[in-house]
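We just call them A, B, C and D in the order they show up, numbering each chain from 1.
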């Protein structure tokens, strides 16, 4: 998961897709804005238990409007893409996320698209940036998971997670794979969200460990010495090759001198 | 575990085993089909609690027939192998899986052979393929484990895992090493299956982390720069060596010219 | 976290900051001493439940004095820094730790500064040193977390962690991500400390795994062979280049001899 | 832990310690035998609850005799060592294990010495061997931990682990860091053993992940291509250098021919 996300930003790999990339560059920040708005509204709906049914309906309407905007963006991008099948395959996650919100509680997955959208922009150049980016993604994912689990769990009988604090704490114990078991989801939907979070936790572990491992390989590897030795030897060879050329030049000059002498003798 | 599975497909390493490999290529897909059928029947038996004893017996008979097919395949392969001892050692797992089903609940291990069989075909060429393959294997293993645990646990007194949903959820918390402890096996056989799943979880963590680590090493390694520098120096040397040769050619021509001149002078 | 800590000791990266580094070198060990004293006093206050209110107040006063010393050190360093904004950004953690103790229980975070201070000195040269250093850091962090959790938890109703032994055991199960769930924090502050510990656990896992992975890469990598082969080829080339030069020298001598002969003939 | 164990077999690193290494080679297998005997006796004492006090005393006496043999071996090795301080530091673990058994339940740590002893022999040459070796070590350690925990826990009030099956299951959930929390130690000694097991679990995770990561780096690294390209270029250069030499040889022959001609002309 981690590698693909960072490696190949969805649909941006193809050189010929000029129009598509132009559109994606233009709509990048607006889409991020809409996504953040979506997350904010969702958090409001889940956390503000004192909302009147009318306000709730209004928020819901705005969220559906946002969903429609996402759908339009997807369709435009599909329309601009030259190789449509390829686009659908590479952006399978976008399509999934677009269809999932029809199931009410899963629409929180919309938030993952924020990450993918941001990802198009992010051009990680140093190791620390990737770690930062993934950490940010995990924080955002954790927040979304906490909200979603809270929404589906709090009304369940025998629920353990009934407040936002509980939900955050549960998220933390899950994503780090500690899993005390003092809080855990009891509904099917809650368990589905938990499963996603566990996978995110494994990915997080992988990124942290991977970045540290690569740092170790760079810094303490005997390989490093071996490669350096090879590079040094090549550099030395390079210098010697220059000397060789210089000596051949001298050789040539002497032959020329020899020839001139012969000619002059002949002329005499 | 992960490395061996991917590295050295059982029994396919030896160059001389032409007949064996011919048979394995021919029976590859049929065996996968039979294995999938085996899994399907097993799932049916476990999940459909309304089965009449007669139907149950019939399914059982088919499963035994499938087992016999696996046994015949093993014996044929053993017969075709030149170096039999080597074959038995390299395919120890196949033999184990063949003998285990005699213990009723352990026959689900047959499913692991599906993975090994598929593995013979898989020639992972890029990092993502290995991750995909291992993920697929873990999903298949998890599904099998959930079925097997459900079968052995649901009739136990004080059992926690009594439905397929419980079993799947428990599988997820185990394979990711989260381990809330809301569900866990209480029977000996259940615990044996759980142990296998935990080991699979460690392998999964290893593959995810390992693939991310190698991506980091490739992308951000100072090593990369060092190796590139060495390669550049070598390329430069290469170019200079061409120049050297050109100059030696010139040198030779001049010597030839010198000689011709000498000859002509002699002739005069 | 791990990479940054080891990679870039806070504020020491800039070449121009001579005065700042001079101060940091001079105050290094005194600051470590004060930090250790701080930890000792904190441990005393938490563990000695028989302290009279007066003694408690006195210890508290000393701890505030120590805090003031840390604050003065920070301000002096800020004053000495040329690029102040850069200093504040690079030492954001120092500032955070300085402000946090105002909230009583979080002042234990002061201990993390001990690690950062020590880090300025540590120049890890071999892999084992980094592992040792991080292990030491995790032990110190674990000890601090145990003390802090004990302080905030033991007075809570329904608290599980009521003794130092419980706290240490809980720390161990958390930092290794085992998480039995026999002990866990129930207060908000305790959960905050736990979250920090879980992150430390992930970092620990990362460092251990990373160092082992790099050892594997060094020792068993096909890369190693490839690099060695390249280095060998370069060495062989090097030797041949010497031979080439020797032959060119011989060539030159013969040309000189040829010339001498010509001259002598001319003279005759 | 993992890296040190495999990297630097205790006391075998120094070239001058000829006598010490001679002794260690000679006593290697006898010591392993005694260690295995020690483990067997310990297992017997813990698992056979029907032992009469007299038999128990006898087994205890044999175990003390074994302990004495280990002590003698340590003292002989200390006596043979040239640099004694260095020996004590490098074999700190041996000394610790020697002193620990004085505390009854901790003598199971003797088993760790078996691993270290075996380690002196093992010269891991391929990745799989290290994984195998560490897996074996973890299995042995897990078995020892299960026995030790069972001994200290089963007489405790409110104990969860009261049978060998429970102990094995608990070991498995701990070493894989799953930690359901259905079984956990409740005594101080049990928790100490558990802590050791958790650390072993982290090391296991590290070795599995590390070996997979290094496999990935070898197999899919862009680095590999880069190094191969460099090696190819060097090989090509090598070939060209041979050609150069051949051409210089031709050049030399022609000069010689030229000279001979001049001489012959002079002679005429």
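Heads up, the rule we're going with is that a contact is a pair of C-beta atoms (placed from the backbone, for glycine too) under 8 Å apart; a residue touches a chain by one contact, two chains touch by 3 or more.
This structure is a prediction, so every number in the text was calculated from the model and none was measured.
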Farthest-lying chain, centroid of Cα atoms versus that of chain B:
C
Return the chain pair with more inter-chain C-beta contacts, choosing between A-D and C-D.
C-D
Between chain A and chain D, centroid-to-centroid distance (C-alpha), Å
38
Just the number, please: Cα centre separation of chain C and chain D in whole Å.
27
Using the touch definition from the top, which residues of chain B touch two or more other chains?
127, 177-181, 205, 209-211, 213-214, 217, 221, 223, 227, 230, 234, 237, 241, 244, 248, 251, 255, 258, 262
Interface with chain C, chain A side, in the complex: residues 127-128, 131, 165, 169, 172-173, 176-182, 204-205, 208-217, 220-223, 226-227, 229-230, 233-234, 236-237, 240-241, 243-244, 247-248, 250-251, 254-255, 257-258, 261-262, 265
Residue numbers of chain B touching chain D in their complex, please.
1-4, 6-7, 126-127, 130, 174, 177-181, 184, 188, 191, 194-195, 198-199, 201-203, 205-207, 209-211, 213-214, 217-218, 221, 223-224, 227-228, 230-231, 234-235, 237-238, 241-242, 244-245, 248-249, 251-252, 255-256, 258-259, 262-263, 266
In the complex with chain B, residue positions of chain C that touch it
177-181, 209-210, 213, 217, 230, 234
